[in-house]
Amino acid sequence: MADPVAGADRPDAPDRDTLLAMFEIQSRIKSCDERFRSMLTSGQIQLIYYSPRGQECISAGWGVHLRPDDQVVTIYRGLHDHLAKGVPLRELWAEFLGRATGTCKGKGGPMHITHPESGLMVTTGIVGAGIPIATGFGLAAQLDGSDRVCVVNFGDGASNIGAFHEGLNLAAVWNLPVVFVCQNNLYGEHTPYRMVTGVDHISDRAAGYGMAGVTVDGNDPVATWKVMGEAIARARAGEGPTLVEARTYRFWGHLMGDAMEYMDKDERKAAMAADPVLRYREWLLANGHATEEQLAEVEQTVLAAIDDAVEFAMNSPYPDASELYTDVYATVPGGAQS
Amino acid sequence: MADPVAGADRPDAPDRDTLLAMFEIQSRIKSCDERFRSMLTSGQIQLIYYSPRGQECISAGWGVHLRPDDQVVTIYRGLHDHLAKGVPLRELWAEFLGRATGTCKGKGGPMHITHPESGLMVTTGIVGAGIPIATGFGLAAQLDGSDRVCVVNFGDGASNIGAFHEGLNLAAVWNLPVVFVCQNNLYGEHTPYRMVTGVDHISDRAAGYGMAGVTVDGNDPVATWKVMGEAIARARAGEGPTLVEARTYRFWGHLMGDAMEYMDKDERKAAMAADPVLRYREWLLANGHATEEQLAEVEQTVLAAIDDAVEFAMNSPYPDASELYTDVYATVPGGAQS
Amino acid sequence: MTDTAAPEIPVLMTGLAINQALDIAMTIDPKVIMLGEDIAEPSGGVYKVTKGLSTKHGAHRVRKTPISEQAIVGAAIGAAIAGYRPIAEIMIMDFLAVCLDQVSNHAGKIRYMSGGQTTVPMVIRTSAGAGRGFGAQHSEMLEAWAVHTPGIKVVVPSTPADAKGLLLSSIFDDDPVLFVEQMMLYWNPAVAGPVPPGDVRIPLGVADVKREGSDVTIVSYGRQVHDCLAVAAKLADEGVSCEVVDLRTLVPLDEATVLASVAKTKRAVIVHEAVQVCGFGAELSSRIHEELFGELAGPVRRVGGANTPVPYASNLEADFIPQQADIEAAVRRTLG
Amino acid sequence: MTDTAAPEIPVLMTGLAINQALDIAMTIDPKVIMLGEDIAEPSGGVYKVTKGLSTKHGAHRVRKTPISEQAIVGAAIGAAIAGYRPIAEIMIMDFLAVCLDQVSNHAGKIRYMSGGQTTVPMVIRTSAGAGRGFGAQHSEMLEAWAVHTPGIKVVVPSTPADAKGLLLSSIFDDDPVLFVEQMMLYWNPAVAGPVPPGDVRIPLGVADVKREGSDVTIVSYGRQVHDCLAVAAKLADEGVSCEVVDLRTLVPLDEATVLASVAKTKRAVIVHEAVQVCGFGAELSSRIHEELFGELAGPVRRVGGANTPVPYASNLEADFIPQQADIEAAVRRTLG
């Protein structure tokens, strides 16, 4: 597991605004997740839910570096990434609940959140498939002569599928502005990654593509911020892609309802005891980067926004039945149904 | 390119019988290829032909180490591998010409030569696809408690496709008795491998799977024999898979008729001038490993066998029309056609 | 009609029936092995269908794999050629798309390309179907792709007894078989049924007339068979007699049973969850018209999935899937 | 009928017509880019269809890729969403199987899953078809897989003029289009034809009646259209009048033209090279029977590829492919 964030101050830490911005993102993720889980547990809502709890610091780490025009690709376990890229809470919640007011009119759902306005371009449910697509966003940026970048997120398990290999090699040979973020939460569904992965550090695979690779403690917000910043800067400068492996831990099993019988109880207890979000909060206070009042206010604001989003979503209508047939094709002569 | 085989003797060379066995395999490959090309050029036969000329020493290098029960998987450019594993000339020629007497009754063709009796299990036309299949042969050997091994051959271009990644990782995590032989002939169809591959030495990719990886001069029969022997011994001993990158050069373009406008003329001239088969012959003589008479006899025997095989194939009938519908399924209730 | 309805036979849910078939096959034949993601203990698979098997038969025979579907199917192909009877699990049918090359270009063609020298006795088990709010990439029925690929057999069971008996036959069949298990059937008590204990096999290529009738033939397979039976029961009250034919296997196809039934009723409705356009119903409808032209009282009607990806919103997802109301409407239409 | 037969129009082979369409599209729209294996100079593609394009438009726009079909299609998808009009080349259609996830689960569904926020305006060009002794893994016609995948448009041209005009429309269409080019057409002088110069587009979803007739309708697409026309010409000498409808695009489908023709002739034969079982002909046959039941003089007949992998031996390969004799026999049978 990650070494705990030292209580001591960090010379390598960013400025206060950045530190607070990361805290704000982490709080949004943590509180959204807690609300989803409590409403699911109480039966107020029903959906297949993949909790990102424990992985907040990773998305916050790249989130504060990105510009609105930068692009993000993620996976079914994507709530933290969606929020870090700024997908609005109301539309996000409405989409999770399959309502007409959702980001995708309720037609995509949690596994397919898309919000180009925020730069959240693709969320895929197919392990590894977002990686080649991300190279396409990188290619477009390169051809546009723009310095925008694409950050694509995926798990440890995804590093064993063919699309990972093809996407990283292509990004390397074309020197594309893409940052590959492998969120290594130690498990792929019910399987410890080391049982099915030939290498300890997934970032070591970067060398096979002549690509920069680095492993960072994804539970250390400062270290993660630094590594993400370097990778994003490299991509912006046209110096090519990076594979960042951020080590973390999946608090709640693969999906909501998972019995977690395959997870080591003590390992999990230790990880949750070292909750990176709470530790970061303590660290901010201990080192005078923020006052209790400031942080509490951030948290209150986040909770209020979530209340509003939940109410918005719960009171939103389901999509009209006609929506089943729309958006299949952009153009269909005479609206033919095939 | 490969450093030329020194005229001097080699302390690391195998015994005389092995040296001659490699020469015999190389001669068979070289002469078969020359016969195919001359008959194609003269219009006596017509088929899509992928010449293995220049790559003889690689197959000979593993060929002399394999037992009859060891298994081989290869690709459309597989003639050299087929011969190194002992696929009989008559059935091989007949299959290339699509005759009923061919290894596959003429139904598979050159891209799909199969001859389990010789241990030539699968020849595929899909780049990279033989790699996962080879892991299955390795798995079967492991479960059987047998020390037989599987050698799977593929090209430099194949190292960029997803199946390569998935197959190597699986072989590594299951510690399978498979030797992955990447025959790096510097080109994938019309594209120099370095233009599309993120790394110089394809064997460096092995590290990403925690697998042994080695690059050898595939035009140096003695060095290749040594490296193949080590990899095969490792697999036999249950010590796991190896990725061997054997550097060589493709003399005749991707397929017969290729204009080769994308190949550097001087590079090609130099490679052909350093013909590994001829150099090996000279080296054998220069160092008294064989006499001119011995080598000439081997070559004559090979040529006679090829004459016989060509005559056999040319005089063989095409498959009976009924063969179109057989072998689709092993069992079909009431012979139903679907 | 199968006679599995005899009272003393235990009633099981589909997931357990499949688990039993796997257990029996591994017990009677050491060459049967399983490969797939998360299939081993302690979890025993994401749907618990392989529960207990790795403990009983060993982790060397019930093998957890990386998330590498091409490697899963490829390894199964190699092992099958080498004499094993591998059962590869592709967790959800939509993921067939990441390994279809191994399935169609290799598993399906190797026997033919080798001139019959090598066979590929393997099963690809895959869970499939909409109805659980999984969205567009985890809900498809793609059996038509495989039916269009000569060399692959295709099985889609509807009842626990069929699932067990057909899976046993598939495992011991010498050809590659795509075995489609609809998620909605696994642990649904409403479709639990009697399952004869032991190694009781149901041959591939034999349809099952699940209900006899004289006015119209409803042909289906998989989960929708239950909807067809419900519609048949409802219409019976109105005096409409529906015959329900459960194909059970699409390749090989028991065309004779279908044609005999339609020749009798003169009317046919084909029902499946898969997208209707270019679905299996198109093939079957064409054949019925070709074989029984002039004998039909009306055109064969097809009831299939909408020509759209599977939507997430619960109301839209329900509309995507053929419902009993759609089947009933099609039946009434054929009765004109 | 298209009026491309006017004398002053240059006669081109299909490969060159496609090359022209690509050149024109890249010239008029800087957002058009190409990705594929070996497509750049000096070779200009394994079939020389992209000859000259990288030299004229730059290697940054005509991009040689690794042998990574998932990356080729995936990169095209990303670039398309980001505002480009990528043309991805999958060298041979059988290789679709290695990247079908990107095609079906992503290109085909992204617009729907995003609720219309993102579109994927891209073309997947692929060469296909048997007849050249390439064997089982380099000879398939797999368009039915894509037709069964909502969200993908499917085009299969038969003449040089259609290939050019339909490719231009496909490139500038806002949906993903699978564009199938039969290898046997590329450089076959026998099927060369007049091709109007310049940016002349043929809309998707409009079938072309390639020959008018009154006794029987032969519906086909792609290479086999030429065989159908040959059969029609032969039968004309016997006084049998065949109408030949070239679908040109399978999705969207011009059902109206087909139904109007069959309503007139009362007889239909559907011809395609793809394996007949679950091929596109099954879908079309079913629809004709559904729409014109009672108006037909006989059942719709299908002439498709054998239900086998494509064999290597030249005689067997010829038997696999529907021949003019098979088409003629089917037509005579419908006239029966």
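The first chain written gets the first letter, and so on, giving A, B, C and D; residue counts start at 1 in each chain.
Quick note on the criterion: a contact is a pair of C-beta atoms (placed from the backbone, for glycine too) under 8 Å apart; a residue touches a chain by one contact, two chains touch by 3 or more.
Values in this document were obtained by computation on a predicted structure and should not be read as measured data.
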Note to self: Measuring between Cα centroids, what's the chain most distant from chain C?
What the structure shows: B
Notebook entry, point to check: A-D or A-C: which has the larger count of contacting C-beta pairs?
Noted result: A-D
Notebook entry, point to check: Cα centroid separation between chain B and chain C, in whole Å?
Noted result: 41
Note to self: What's the distance between the Cα centroids of chain A and chain C, rounded to whole Å?
What the structure shows: 36
Margin query: So the centre of each chain is just the mean of its C-alpha atoms; given that, what is the distance between chain A and chain B in Å?
Written below: 45
Item checked: Residues of chain B whose C-beta touches two or more other chains -> 104, 106-108, 112, 124, 126, 129, 160-163, 165-166, 169, 173, 195-197, 328, 338
Margin query: Using the touch definition from the top, which residues of chain C touch two or more other chains?
Written below: 65-66, 68-70, 94-95, 97-98, 101, 105, 112-113, 135-137, 147, 150-151, 277, 307-309, 311-312
Check: Quick one: in the complex, what on chain C touches chain B?
Finding: 33, 60-61, 63, 65-66, 68-71, 73-84, 86, 101-102, 105-106, 110-119, 121, 147, 150-151, 153, 173-175, 203-206, 251-253, 255
Checklist line | Interfacial residue positions of chain B with respect to chain A in the complex | finding: 160-166, 168-169, 172-173, 195-200, 204-205, 207-211
Next item on the list: Spell out the residues on chain B that touch chain C in their complex, using ranges where they run on.
Entry: 71, 73, 102-108, 112, 114-116, 121-122, 124, 126, 129, 131-141, 143, 150, 162-163, 165-167, 169-170, 173-174, 326-334, 336, 338
Next item on the list: Within their complex, state which residues of chain A touch chain C.
Entry: 46-48, 98-100, 104, 106-112, 124-129, 157-158, 160-163, 188-191, 195-197, 254, 259, 261-262, 318-319, 321, 323-325, 328, 337-338
Item checked: Touch list for chain C against partner chain A, complex -> 37-38, 42-43, 46, 64-70, 94-95, 97-98, 132-138, 277, 306-309, 311-316, 319-320
